[in-house]
Structure formats: structure tokens, C-alpha cells
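Got some structures for you, see below.
Look at the two complexes coming up: subunit A is in both, with subunit B in one and subunit C in the other.
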Partner chain A sequence: MASESSGRTFQEYLEHHLQNLVYGPLPAGHERKFYAKGSDEAGKEVYCQDKNLNYDGEKYCNETLTENGWYLANNKTDVEAMGFWALHIDTMFFSVLLGGLFLFIFARAAKNFSLDKPTKLQLFIEMMIDFINGVVKGTFKSAKNTLVAPMALTIFAWVLLMNLMDLVPVDLIPYPAELLGIPYLKVVPTTDLNLTASLALSVFVLYLFFSIKSKGFVGFIKSISLHPFGPWMLPANLFIEIIDLLAKPLSLALRLYGNLYAGEMIFLLIAGMVSIELTQLTIAGLGLNLAGIGLSLIWAIFHILIVVLQAFIFMMLTVVYMNMAHEKFEQH
Partner chain B sequence: MEVEAARFIGAGLMFGLAAIGAGVGAGVLSSKLIESIARQPELEDQLRPTYFLGIGLVDAVPMISVGLAFYVLFVA
Partner chain C sequence: MNLNATLLGQMIAFGLFVWFCWKFVWPPLLAAMEERAQTIEQGLKDSEESAKKIIDAEEQGKKMLAEAKTEAKKIMDNAKNQSEKIVEESKNKATEEKERIVGSAQSEIEKEVVNAKKTLEKDFASSVMSAVKKIVAKEVSMSNYQDTVDKSLDEFRK
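Now for the complex of A and B:
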């Protein structure tokens, strides 16, 4: 197993890959645990003593904090002690990096724009813009708003880039990072609920804003209180419409998160089958290795569909919601 | 009942029910798509994006269920 080389069991390997890199405040008196590296008891004890920490006799070196401060979390108890201000800095880093990449590529293509000799990059971007333009023109019909198409393009390209990080082999970035001293690393930002939920919340705020702008505040209240059954069933209307309203950001966020998380989980399970310690390889181990490589390939090819589809659906539903927000309120 | 056994039964149910739901959903969608294209071949380009949107929506919840089943089986 790939996990053997890092001295972890299969389960610890999975948990390690599913944990974000968290930065947050820890109170004084909190006990931090560091994973002790070393092949035997004595080696682990020396490893801990090198860092001036106590070895607990099993797996960890302990350190009790003397003052409050901001630290990188080393395990789940650290994350729990951090509470609200636990920042997932790997998610932030990779999402901003990919957003920057998207802006950089598009800005470069726009600067080097040429009618006579279009580059391949320019043609690709024109194709993408045509595609988004077609989708928005086909779906967004209730009003005129020049914000919707650029927003759709941004969401599509950004979410697609973040999803594509899922196709990077699961150990390629986290393993070198761990050798450099970064305890956890999750490279796919969309497998973090915080990111998908914040994306969905932004869409929801825009939905509320454009609803109120196009219908007026009174019109918006009317649309959620008088709608399915008429004024004499106001409580039932409110109940249904508010659930309908809240389901929008919730389903947006959970759909993207769940799909990518499940995909990542399956990649991890396949990676767990593969051994990199070639000296101790048996025939059965070799078979498992080949099966793992084959399965990885098959799942990656299948996953391309999910990656693109989920980005498309997030974009499509955003446009649909924007269209609903711009509809005028009508008494049925 | 032992916790370990309950975990396997739970994960098995999650896999199975997810497969049934996704199978029925995708089957209905695909059959309707083929019917529609057979009836009006010129509409194919308009139907395909809607079909993929539908497939994505149908696929999402079972996929989440499969992921959670793996989580229950190996991590929790």
C-alpha cells in the first residue's frame, strides 16, 4: 500500500488525505500532538527529543501550549479546539491560485487578440465564450442584465479548473509537501464544503438582490407569501416558498461538494491498493498494483465527465436562478 | 448487532439503493431522449444540453451516497 511508506495504516492514510490544512487560534493549555517519525521505539523517541517534546510511548510527541496563538493544526483534536476561526488555507490558496490562472489566461488571450492570425488559445477561448453565450441567451430571457453572462463564464471556468485538480494523482502534491513539513494538504478546493457553500451563498445573495431589484421589496414579499395558493393560505405559502428559497443554495453547494468528495474518495481508495515499495513486491502485490493503475485510469476517464458536468450544472443553475430572480411577479 | 456488521449492511444498502435510483433515472432520461430524437431528429442539438443537465442532476445524489458509503465503510 502507498500508505506503508509513510508509516500509516490504510485508514490513517485515508483520513490524512481527507483533512484540510487548517490554521487557527489555539488556547493556552491545549495539548498538541505531532506524529513521531521513525522505524522503531528508540527512533521515535530520538525524533521527539530532537524537537524538545515528550514521546507518549505509542505514536505521538506531545507539546502543551503555554500561551494563546495561531497554529497549523496537526490532527483532529487541534481542529476541534480551534472552533469557528479554523481557516482552511490550502483551499484558499488553491482556489485563489486557480482563479488567478483563469484571469491570467483570459487576459493574455484578450491582449494578443488578432483577427487575421488567431492563436489556438484564442480559438479555444472564443469557443468557450460562444458556448456560454449560447447557454445564457437560451436560458436567461426574462430581462436584460449584462452581469449574468460574465458571471456564468467566471463560475464555469473557475469551478472547472478547481474540479480538474481532482485528476492530479492524489499523492503527487501532498507527499512532497509533507516532506517539506506541511502536515496536511487537500489540493481539490471543491472537495471542501466551505468553498462550495461560499460560492452558493454568493449566488444566493445575488438572487435575493436581483429579486428585490426587479420586483421591488413589496413585490418580493408578495412573491414569497401569496404565490402557490393565494392570499387566504398565507402561512402555507410562506412555508413552502421559504423552503424553496433555502433549498437553492443548499442544493447548489451540496451537489458540487458531494460529487467531488465522492470522486476524490474513490481515487484515494484506488491509490491505497498501489504499493511503491518495489523490493518487497510479491506476485499478488504486483497484480494489485496493475489493477490499481488500471482502475485509476478508468476512474479518471469516467471522472472527466463528472468534473465538466458539475461545473456546467453549477453555471447552468446559476443562470436559471438569475432568470427566476428577474421574473416579474404575477398574480395567478 | 455488532457495529462492524451494521456498518457493512448500511454501506451495502447505500450502494444498492443509489444504484437503483440512478439506474431508473438515467434509463428514463435516455429512453426519452432517444424517443424524442427518433421523432424529431432536427431537435437533437437542443435536446442534448438539457439531457446532460438532467443526467448531472440525476447522477449527483447517488454519487454523494456512494461517497458517503465509502466513508462509512473505511473511515468512520
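Now for the complex of A and C:
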């Protein structure tokens, strides 16, 4: 839909939608490129000159940086030049916004909790608490740990809210944002590997912490070196157990990321079928439009399932891993 | 999709969220819900107890009613017996009184009869004597016929 209106090819439209808004350091001498707006060569040149930039004769205005500094990335080369110390502003913004929303609603419900006159919101929140509590009590059977249940609630609610952003039509927020001068915007934080990996890594760190806390350091080493073949096959045990260990955060991060990224991708592909250039509309084009609208509806309905399921799976696996961390070392 | 500092930023954000939820959201909500569950449980228990109490009270009431009934019956029986006894006694007394009165009347009558007989005897003897005296004085001396008179008097007495 935005592909034609902003003069992009469908390929560029896809790439644009899959690029985060990155803020990071750029070194002196780096050449930045800006998309030149204008209907013809002269117009584009004027556009570039207005901004004190050089027009490259094709599509972009160029700017060569004279000193190091922090900039918003404008394209892939900027992002690559920024390296590790760059922030995805959009991911941070939407995730913190949604996390804050979740905590705000729940904390307010906790503050205004009424024993005999519950509001509907309170009933919903009680249902959530009851649900998480049931899952945690059913799965996490070992030592007393008050952190697991609230963490499970945070993960479930937060991931669910972030996943639900996937159901917002793909151009609804990025397109107006672009008109306001924000070059890129990804509104679904869980389609950013950074976010899913950060959750998985946090869970992994807690897993290691509680493992060592409950088994002791020696016990933990034993648990990864003496399984599953016994002491005489120690290298093989280590190999298997370390892969098993590392697979936990990796699978957590990639499962959520993969599901949501793929879902978003399909929304984008379907959106590519829809055109609002009425002057070029043919019968076939009309059919494609209707098919696109129908398909996006069907995919959105189906996606509700994925959204909730992935949030639940992430939460459930976290609880399972926490339970494993608290299990005492046993000789098989 | 490349990994960068966002990863660290998100880990910090996640840590803060979990900490906040752990400290300020989960415990009060869970505590409140448990309090409600306890209140409901207590209420159910109380109502069960009071239902039991009502049943107990009903039974006690029935028992008391039954006792009162037997008591009343006893009292009524007693009263009946008593009254019967009184009637019986008074009947007996009346019969006795009657017998006594009848007896005394009879003896009175007998006495009267004896008295009457005596008086009659005396009167009759003296009148006979006077009549005889009158007759005899005219015809014979009294002494000659004393024996005959006595004899006839004896015969009369018999």
C-alpha cells in the first residue's frame, strides 16, 4: 500500500518495514545517504541543496561526516557502520511502553483491589493471576522461590502485548511516522531478535544463578559433567550437556523471534497485494485488492492464536527451566 | 536483525519489569485474592454451622414440646384420678352418713316405741285400775280381786 505511494518498489517496501530505527555512533569520514525527494532531476537536486547536501545524480543526497557522533541510521550502510553500540529506538520505545502499560494496569488494580465489589478489569486480572499461579504451581514443584510466578506473569503479559502489536495493520503507525520524519519504524518488538534474545538471556542467567544456588557450584559442574553416561565418559557428557544448556536460551529466543518475524512478513506480503492507486486499477487489480484484504483478515484471525500461544510457550518454558534449575542433582 | 546494544537495554528493562512485578504487583494481588478465598471459605463454614445449629434447635424444640405434652398428660391423669377418688370418697361418706342417719332414726323410733309402749302400759293399767276400782268399789271390796287384776295385767304384759 505504501510501496507505490512513496515511490518504492515492493522489494524496498519490504526492506523498509523490516529495518529497525537505529540510533548509534558513526565515525568521521562516514558517508551518509538520504533519499532525495522530488519528481525530476532538478527537483531532487534542489531538495538536496536545501539541506546542504550533495546530490549523487541518481536517488540520494550524500553527506560526509566530519566528526564522530551519534546519529539515526538512514540506511543499511549506516547500520553496519554503527556496529554493536547501537540502539533500536523503536524496539526499546514500544517494549517499554507496553511493559509500562502492563505494570501500570496491574499495579493500579492491586492498589484499588476490592474484596466484595470487583470491577471487570479486576476480575480479568484475577483470572490472569489465577492462570499463572496454576501453571507455576503445577510445574514449579521444588524449592520456595517467590520470583518465578511474578516473572512468569511479566513474561506472559509483556510478550503477549508485544505480540499483539503484530495485529495492528502494518502501515498504520510506520507510514504517519515516516511523514513526520522518522525514517524507519518497526512496531512489533518481538520481531526484533535483540528483544527475544534479551529475554532468553535473562532467563538463562537466572537459570544458571538458581542452578548454582540450589546445587552449589560443584553440584552444578557435576550435573553437566557426570550425565548422562557416568564419570568414565566425561568429555562426551560435557559436550552433550553444554549443547543442551546452550540450546535453552537459543531455542527460547529463536522460537519467539521466528514465529513473529514470519507472521509479520506474511502480513507485509499480503499488504503488497493491496494498492490504492485508483487510476491504475484494473479488474485484476481489484481482485488482487479484495484477495489481499480477505487474506489479511484470515491471517490476522489465525495469528491471534500464534500470538497467544507463543507468549504462553515462552512463559511455560521459563517456568520449566526454573524448575530444572532447582532440581537436585541425581545419579541416573 | 543484527544483535547490538538493544540487547543490553532490553535486559535491563526486563530486569526492572520483573523486579517491579515481584515487589509491587504480584504479592498484593495474590494476598488479596487469598484473603477473599479465605473469607468465602469462612462464610461457607459459618453458614454450615448455623444450619446445624438451626437443626439442633429444632430438635430441641421438638423434644421440649414432647416433654411438655407428656407432662401435661401426666397432670391431667393425676387430676382425673384425684377427682375420681374424691367422688368415690364423697360417695362413701354419703353412704355412711345415710346409714348413720337411718340407724339413729331407727333406734329413735325403737326408743319411741318402747316409751309409747310403757306409757300406754302405764296409762292403760291405771285407767283399767281406776275403772275396776270404780266398778269394784260399788260391788266388792278391792282386796278381794287384787290377785285377779294382777294376773290379767301380767298376761297383758306378755
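One rule holds in what follows: the second predicted complex is superposed on the first by the 328 of 332 C-alpha atoms of A that agree within 3 Å, B and C clash if a C-alpha of one lies under 4 Å from a C-alpha of the other, contacts with A are read in each partner's own complex, and residues count from 1 in each chain.
The rule we apply is simple: contacts are C-beta pairs under 8 Å (C-beta built on N, C-alpha and C of every residue); 3 or more make two chains touch, one makes a residue touch a chain.
If you're wondering where the values come from, they're calculated on a predicted model, not measured in any experiment.
Looking at the shared chain after the overlay, A:M151 reaches subunit C, while subunit B stays out of its contact range.
Of the two partner chains placed by superposition, only subunit C is touched by A:A107; subunit B is not.
Contacts of A:Q310 after superposition on the shared chain: subunit B is touched, whereas subunit C is not. By the document's definition of touching, neither partner reaches A:D244: not subunit B, not subunit C. Taking subunit A as the reference chain, the count of touched residues is higher for C when subunit B and subunit C are set side by side.
Of the two partner chains placed by superposition, A:E41 touches none, neither subunit B nor subunit C.
Once chain A of one complex is fitted onto chain A of the other, the partner contacts of A:A86 are limited to subunit C, with no touch recorded for subunit B.
Common to the subunit B and subunit C interfaces on subunit A are residues 18, 261. Interface of subunit C with subunit A (complex): residues 1-11, 13-15, 17-18, 20-22, 24-30, 32-33, 35-36, 39.
Considering their complex, residues 49, 52-53, 55-57, 59-61, 63-64, 66-68, 70-71, 74-75 of subunit B touch subunit A. The residues of subunit A lying in touch with subunit C in their complex are 18, 20, 22, 24, 79, 82-88, 91-92, 95-96, 99, 102-103, 106-107, 109-111, 113, 115, 125-126, 129-130, 133, 146-147, 149-151, 153-154, 158, 192-195, 197-199, 201-202, 261. Contact residues on subunit A toward subunit B in their complex (touch as defined above): 10-11, 14-15, 18, 135, 254-255, 258-259, 261-263, 265-266, 269, 306, 309-310, 312-313, 316.
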